[in-house]
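So that you can tell them apart, the chains are marked A, B, C and D in the order they are listed, and the count of residues begins at 1 in each.
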């Protein structure tokens, strides 16, 4: 089995089975608690949504419940920034796995303020700063939100103001990263502006269905549908997929590539977006996190999904 | 273009063009000079060989010249060790990119002697130690050599004794890594035994054609040919591909995934093996290295190859 | 010669000779340039002042020129904080040399936000925060300034507002340290309050004569004069001297102890205060810095001084 | 009280009192257990010996029991190497506190194989290598042993062969350090030769009385007695004292300077040698170690001793 073109009925059955197994799981990880808005989320929740090439959405679990996408937003800001700046973006942020936790400042000092990749916090702050460069914070934020709505074809997507406010109030570590990079000149604007936009785009709330929809452009080589509207170039889409594979899950990126075998990006809200190039975009969500900050059940569910479908970018084609 | 099933004639033309372009390159990197046997290799050399699903070998350049495979051998020892030990291997070595140079000892201290992955030197030494556990050094070495000959279907493959001798004489840094891990118990046997076998398998000499042949089992889901003799399980083959993608090029792994988009493994002898799952195994060789220790021209040639063929594990299928 | 009780005439001659030799030096280090106010200081300047047990001031060079004391102020804030909080201070800052540059953030991450000692920037920011705890920033700053005036018996000592303003505008790295520690709870108040006070006390301007006067309490076991007014306890005075010896010159502390053999504290304005317990307090100043951020000529002058006087805390008594 | 010239009777009383208090201590730290010979030492033991300027030995506790001096030997090899090589030694080893544990390899990688100071393991191995340079291992070892016997005026001092053998068998971490430095060229000879000599001089066994005697040359400015036979120059003696103060107690050096206020050197056998320049040499021993590897009771006893005698290099003279 090459893992392609799974019949829709089989896929529905597999998705339903996985959701049932996840519902029965007792070890669900630990909900992020650094801000009250995340800490109070019910850890019992789980959702899995597959958005296929022909536009079907196969859903299971709490697919219509909104959650904070947090670091998953970094994929969308990266796509927006790459579209605007192209290759120039890469003078300010690297493309290598960091080997350190997502909020580490050690590597920044050793490498003179240039973050390893756009998915660790420091790198994502640089990406945000690059989007901000020509705009007021409010304008930049509006652009980001509009871009995500466009990707998901859903104008209802919004920022959760309580989450954004909490992050601003307690985000001292990200403030440290931003000031540190400002000292090196990697960030150009006032750190508080960049941080304001950063905290707000991390506070975008989405449903798992919306997340699966928003990932489609990465599954279809930069187009919203196979042969449809182009968001970014084919090359950029593949490059973002490569970055998601090597750096998309913090210090658990190697493990995710090893177990799941698909490009993906996680957030501490418990969401993961993953793509099967040419076949499907996948949203998965469960609030409890594992030791390195990725959703425990969403990681597990995606591993089961690729085992049962044969989906893997490392499989023959 | 989905990048599949490139007509054989097109592939021959592309390979020939790339070889011609590489011959004209003036900035060829720097030949490794830490042992005399590597330092005296002519930097003008280049070879590119594609071994296709139907068994054809498309070659260009110095495809029949022997070179020292060095770290490329780590892929073969990993496959051998995984076949022997299965999942147990992963208690002694991790699966995450290290974010550090290939011979760094820093991460080892921070993580109590467990190397990040099997492709940095420390991790490969652990893999060698695991193969060695039940055998005398000579027997273990004979097994490794026999395994590589089997993979490449070529009994003529041999170890270059002068290279092995030089490495043993000057490999103080690897001796440091081995002793350090022995202090933590990650390595079980006498460090000098493990190092002896390690230095010898790094000193295997192969031609670029042999290297392309030896990579076939990773292109065809663990089988020497599509549907042919099975070397390792499908799952293990995909897992090794995932590890090559996230960790196969030292501190340039992210960059290789970003630019080339294929699983691959490089060595300081200038060789790279890469695979297009289901389509082809690729050997590429040029002795000059870039700043992070990967062959400069082989990296570049593989980037051009994937651009022109559309090959990428991140492309739709 | 035990190095005690050098006749006053000999001391005057030694001081004059050293000043003459320093005037002839051509390699004077590099003036700190991270803020304009420091960058424009004339590197030709040099001053050496010895304040003896009997109250005499032996001066040479530009002893009445004001300079920015910068990190030398950390000794005064430490004494003030120790006097207020006593041993409780040491729960928030360590007493070990850091082995890292003065503004490194790496150690902070490895040790969960607790700085190694009160003389690296992070530690001094914690000390400032501890002084601030019960006061408004303006009050805390007034206290610090009043304390320094008291130590030097000179009400004319003031803060250079242009220097303080410049530091506030460009101190992103210190802002990073403060926010980082706030994330760990080592700093309690709003980082911008603590930084404001910190930047202002670093901007205190003093003459070399005033600096020598202000160091007297550390030369005389906590008293302004032998047998005079007590500033801090005997034990605290000796403890601060110990900290100056092990940590007083950033990453050159071991070298200063090795070459000069006296407790001292340097600042990037080019000033150094050093003490010969029971004998003298010494101020020395020259704006050019060596590679680790200590005044090149002041370090050299103090080495010559201790060689010629026999002064050393490591000498027999 | 300036802490000088304590009457002999007072000193005897203080020493006896401290020994009695230490005998009553229940929290005695943890005996080093990395080799069997150290693990089996009775943690109940304690000794304190003061060797005064006039040659008197004031003793308490198990002053005649032999123990393994371990890292205390580094002071003696440093003195021997400095006497032979003079300033040239400092091209291969630094003079700064490391800020890292005694057996860390991290700093070595960051600073290209040059250890921070001669008292961390890596630095002491370099010192041993420098002594070895012109000699066979056996000759070098004989020289070191003869030097220690000379310092202590006691020909009975010997190496414990069982300890030396155990260290050689299990010293993989030190073998890692030596090989690592050999890779950088900081160590010149074969690592196994240098390690052999190093492990043997660490295995010198001494009584606390012998240790106090051996430290006299550092208390008396390089002479065995005030005005007596010169071992090293005055300057070198003071420099070694400075190094002991900044680096003599591993990662607890700052704390020892802060609490005890005397130059000293500890070993994992539980011994500490400390000096009061011009006044006394002190040996103290108790096998249980604190968290950073220094004798818990010996550190505590020396703190009590300096509080009660007023001895401190930071006190007025």
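Methods note: a contact is a pair of C-beta atoms (placed from the backbone, for glycine too) under 8 Å apart; a residue touches a chain by one contact, two chains touch by 3 or more.
Predicted model, so just to flag it, every value in this text is computed and none were measured.
Shared contact partners of subunit A and subunit B do not exist in this assembly.
Listed here as common contacts of subunit B and subunit C: A, D. Centroid analysis (C-alpha atoms only) places D farthest from subunit A. One simple way to say how far apart two chains are is to compare their mean CA positions; for subunit A and subunit C this gives 48 Å.
In terms of their C-alpha centroids, the spacing between subunit C and subunit D amounts to 31 Å.
Between subunit A and subunit D the centroid-to-centroid distance comes to 55 Å (mean Cα coordinates, whole Å). Counting partners per residue, subunit B has no residue that reaches two or more other chains.
Taken as a graph of touching chains, this assembly is arranged as a ring, one closed cycle with exactly two partners per chain.
Pairs of chains that satisfy the touch definition comprise A-B, A-C, B-D, C-D. Looking at the complex, you find that subunit D touches subunit B at residues 104-106, 108-110, 172-173, 175-180, 182-183, 191. Within the complex formed with subunit C, the residues of subunit D that make contact are 2, 4, 94-100, 107, 116-117, 219-221, 226, 237-239, 241-243, 245-247, 251-255, 257-258, 261, 263, 277-279, 312-317.
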